[in-house]
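Note that subunit A is present in both complexes that follow, paired respectively with subunit B and with subunit C.
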Partner chain A sequence: MNIKKYLQVYSYFNYSSFSIELEYKINLFIDLLTSILGLIGSVFLLSIFFSNTDEIGGWNFNQALIIQGIYTILNGVTNTWFNPNLKEIVKYIREGTLDYVLLKPIDSQFWISFKRISPTGLIEILLGFFVLSYCFYINNISFTIWSFILLIITLICSISILYSLWFLISTTTIWFVKTWNATEVLRSFLYMGRFPMDSFSFSLRIFFSTVIPITFITTIPSEVLLGLSPAWKIILEVLVSMTFLIFSRKFWKFALRFYTSASS
Partner chain B sequence: MKNSSIYKFSTLFKTQYANMLEYRAEIALWAISGVIPFFMLNIWTNNGLNESINISNVMLSRYFLSAFFVRQFSVVWVVFTFEEDALLGRVSPYIIQPLHPFIRYFAQHIAEQITRFPFALFIAIFFFIFNPQSLWIPSFLTIIISLVSIFFSFLIQFLMQSIIASFCFWTEKASSIEKLLFIPTLFLSGLLAPVSSFPPYVKSWIYLTPFPYLIDFPASILSGNQANITEGIFIQFLWIILFFTIFKKSWKAGTKKFTAMGL
Partner chain C sequence: MRKNIIEVKDITKSFTISAKTPGIKGTLRHFFNRKTIEKKVVKNINFEINEGEIVGFLGANGAGKTTILKILCGLLYPSNGYISVAGSRPFERETSFLKKITLIMGQKQQLIWDIPPIDSFYLNASIYGIEKNEAIKRIKDLSEMLEIDSELYLPVRKLSLGQRMKAELLAALIHKPSILFLDEPTLGLDINAQANLRKFLQIYNKQTGATILLTSHYMKDITYLCKRVICIHEGYITYDGKLEKLLTKLSPNKDVSIICKSIKDIENLKKLNLEIKNINDNQITFTVNKLDFKNTLKEILNKFDIEDLHINEPPIDEVIGKILINKK
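Coming up: the complex of A and B.
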């Protein structure tokens, strides 16, 4: 592993992606509008919930807003890195151009996961941090270096879990070729990350902590911010994200053995 | 008879249905991705949010199940197909044919809905196993009326997306406009919360937009919740006429701008 080489290749990836994306400047603007409207929409939905009650699952409105902030950041990350690359993977495998990727003297998972970047999600990430800082203010959170470090750690873990989920689904493309709809299923489940997990019934909570670990993705980082999260939850999240990362790596290596290319 | 439009459409439909059956695994997955209303129902009833809007748990679960059904049979993706066809240059042969290209897409959608039906039914049965108390059988008349309003809801969305699709002639990537329009559709149509629970400052203008007629209205009819049937269907019909006229105009203007691509 030559880190310098990888960094250089990565900067070339970014350069080429940005020049492609900037071809469609109006689209960038429309996407920005979409993410702002999306945030307004979910705050509106929350306000409907809270007009009937003071708290859902033990979270009040101001606290639930933190989850919205975290979700918006993570959604931005997904839209910036995971989503555009996933579209490419499907194309590589359907057209058989994965051959060229595998022949390159660079790690195939690295190439496939980071080839494309879409700047629109970056704005969403900014928007999420903006919401978060507003939440600091309304929740009277005393911000310490320690809580900042914990927030960063849990966010990195959430991003790793998200990445692994997306990459696992992309990997199944090798067998099923068309997995676009499988990602739609994942997307609709992930959508529930906008709400505190405690607001669901017990059985769904189990489902969202084990089958699709949404609890780890948005609820735990929010709890960390509020200082509500016990240490074992954070350690568990680190362990879960490591397991996911290692598994997705192993699964990719395993799947490549079944890759049979496609006719040109 | 051979040249009649019914014959053309039924042939198109049969081929598209065969095509869709080929992709039934994907359609099953797509049906699963529509389960969001059930999760929302869980939040509503688990926190007792419905007490203040006077809808019982049973009625609310019927509402969300109906919302799931309405959404299943009014999903439209024409703009994405058209965009791809336009970028790959497949639109050129379609345009020369003595058949409006959108008839082809329309047949595709109908065929997909029929393929999807068994999966949606399966999910509904699953839902009733977990919520046996919410099982209900609507009267024959209710089923007919809700089918009409679901079909109208589908038509409104199909026409709205077709208008956006015709923007492809100008911008090439019209699907981002569709993603923008999807946000109000998601939050205002009643898929995540029934319109009756909306705050008054939204209720005052929402009925002037097409959104509540997309999911809330048909779902309310099907589930037996309160709905003004004749008025609702009439307004749906007005939206269809309006969007159809706009689509005809934008399509006409667009085809004049058309430049063949990717040949």
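Coming up: the complex of A and C.
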């Protein structure tokens, strides 16, 4: 793979996306406002849960706020990259414009996953990091380079799992053509990630950590920050994310064999 | 002798499609118990295409033209058969193969809707690994050929269909492909835009020696560009050869109307063993075989003093229309 070429193409992707977003100024402003109000709403919801109790599943409000911060970052990543790109797969397949992608000397998964970027999601990522740094302060977390590296690793793994899940569901469009609802379900499952894994019942915990590993992706980075995560959990997350990534890629390659293109 | 750039041997393509009966009952049955049928869209076709040729695919809607184009450019796996395009197996979609071909579809677009075409060109150039300076040069050359300039800096959605098609062509040709697959490129364009596009394709073919495969329902596209046509009917090739020969085969005669100066000439003309269709005062209309046309007309012009002459050929759309409904 020619890294230089892919970086250049990616910079053109970003440039064209920014150009598109800037064409619609009001929309940009509304998206910004939505991100900020969304975060305020989530923190407010969390505070309601904690208004009558000090702990949920062993997590107090200040600690749970870390999960909120991680969730905001992941939601930002979702809004920046996954939502604008992976939602389009359905369109590519229904309208047959995937033809143009497949005929370009470039990796089709790369094109489909990174063609668009929605800059307003970046604000959410910044807001998430802002909440996290506030959590450092209120939880008296001693910040070390090591914990920062681990946080970044677990965050990357979380993003990979989320991406793979989304991509896998979208890939099934090749057979089923319309799968908008399935990705919406995944999105609503992501909301579950705003709460600590331990606050769910045992069976739900199993469901959300194995079938759809949503809680995995927010709880483990939060535990890493608090110094509560044992090494095996981190290794497990790395392994799960790699498995999901490899599987999603293989599945895409397999599915393309069944692509029939839309008729003219 | 020019070498083959495309070889197709015994290609078949089937699709599994779900059949649905009309009405609410049919819809419910379709939802709960979907019945699928296997439909052969392309049936044992064979042909070869030489480098630099312009070949037109003719056939009614659903005949299998687009499917053949998509198999040739690697979008669809053939169910059976051997296929080679520019020395590659298309469906493997190797980078070296993809750099040699391009697909242009009249009803689908690759340009990014909200931004100027020029940005899409640079994106395409980077995908094909073309240096910026080289890309600038190629855009300049192609835009001159296509007679498009300031429009390249307007958002695509602000362009007219004709301008958009020109920009689509530019985006598709920036990597100098040697094989062009065109699926109804003039669809929806006005007469002038169609003519400009045809002219461009002809010049492009002459200048670069590119091979062009074209499907179109506008007969002018075919007659202007293609010496050779391949007719497809229900997935079979029913004719593969020169367009002129096909037209002679389908419409072997011409109608000639002559206005003579005197009724006496009409009487003498009758003696010439012509296939007379109509006589009206001093006007006579007869049918002549295209092969005898030249000699017959020469004889008449030499022997008679005529006032006016009309030669009528059935419109080409009508002639070609015959092969869209008949198998042979």
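Just so it is clear, the second predicted complex is superposed on the first by the 264 of 264 C-alpha atoms of A that agree within 3 Å, B and C clash if a C-alpha of one lies under 4 Å from a C-alpha of the other, contacts with A are read in each partner's own complex, and residues count from 1 in each chain.
The rule is simple: a contact is a pair of C-beta atoms (placed from the backbone, for glycine too) under 8 Å apart; a residue touches a chain by one contact, two chains touch by 3 or more.
As the structure is a computational prediction, the values presented were derived from the model and not from experiment.
Engineer: Would subunit B and subunit C fit next to each other on subunit A once aligned, or clash?
Structural biologist: Subunit B/subunit C on subunit A - fit side by side.
Engineer: Between subunit B (first) and subunit C (second), which does A:D99 come into contact with in this model arrangement: first, second, both, or neither?
Structural biologist: So A:D99 only meets subunit C here.
Engineer: Going by the contact rule set out at the top, does A:N27 touch subunit B (first), subunit C (second), both, or neither?
Structural biologist: In the superposition, A:N27 touches subunit B alone.
Engineer: For A:Q8, decide between first (touching subunit B), second (touching subunit C), both and neither.
Structural biologist: In the superposition, A:Q8 contacts subunit C only.
Engineer: Which of the two, subunit B or subunit C, is in touch with more residues of subunit A?
Structural biologist: On the superposition, B touches more of the residues of subunit A.
Engineer: Contacts for A:R257 in the overlay, against subunit B (first) and subunit C (second): which applies, first, second, both or neither?
Structural biologist: second
Engineer: So, does A:S51 touch the first partner subunit B, the second partner subunit C, both, or neither?
Structural biologist: A:S51 sits against subunit B, while subunit C stays out of touch.
Engineer: Looking at the overlay, does A:V185 come into contact with subunit B only (first), subunit C only (second), both, or neither?
Structural biologist: After superposing on A, A:V185 lies in contact with subunit B but is clear of subunit C.
Engineer: So after superposition, what is the minimum Cα distance from subunit B to subunit C, given in Å?
Structural biologist: After superposing on chain A, subunit B and subunit C come no closer than 6 Å at C-alpha.
Engineer: Intersection of subunit A residues contacting subunit B with those contacting subunit C?
Structural biologist: Residues common to the subunit A contacts of subunit C and of subunit B do not exist here, since the sets are disjoint.
Engineer: For subunit A, which residues are in contact with subunit B within the complex?
Structural biologist: Touching subunit B from subunit A are residues 24, 26-27, 30-31, 33-34, 37-38, 41-42, 44-45, 47-49, 51-53, 56-57, 176, 178, 180-182, 184-185, 187-188, 191-192, 195, 199-201, 204.
Engineer: Which subunit B residues qualify as touching subunit A in the complex?
Structural biologist: Going through subunit B, the ones touching subunit A are 23, 25-27, 29-30, 32-36, 39, 42-43, 46-53, 171-173, 176-177, 179-180, 183-184, 186-187, 192-193, 197-199, 202.
Engineer: For subunit A, which residues count as touching subunit C in their complex?
Structural biologist: 2, 5, 8-9, 12-13, 15-16, 19-20, 23, 95-97, 99-100, 102-106, 257, 259-261, 263-264
Engineer: Which of the residues in subunit C come into contact with subunit A in the complex?
Structural biologist: Where subunit C meets subunit A, its residues are 15, 66, 70, 73-77, 93, 95, 98-99, 101-103, 105, 107-110, 112, 114-115, 119-120, 122-124, 126-129, 155, 183-184.
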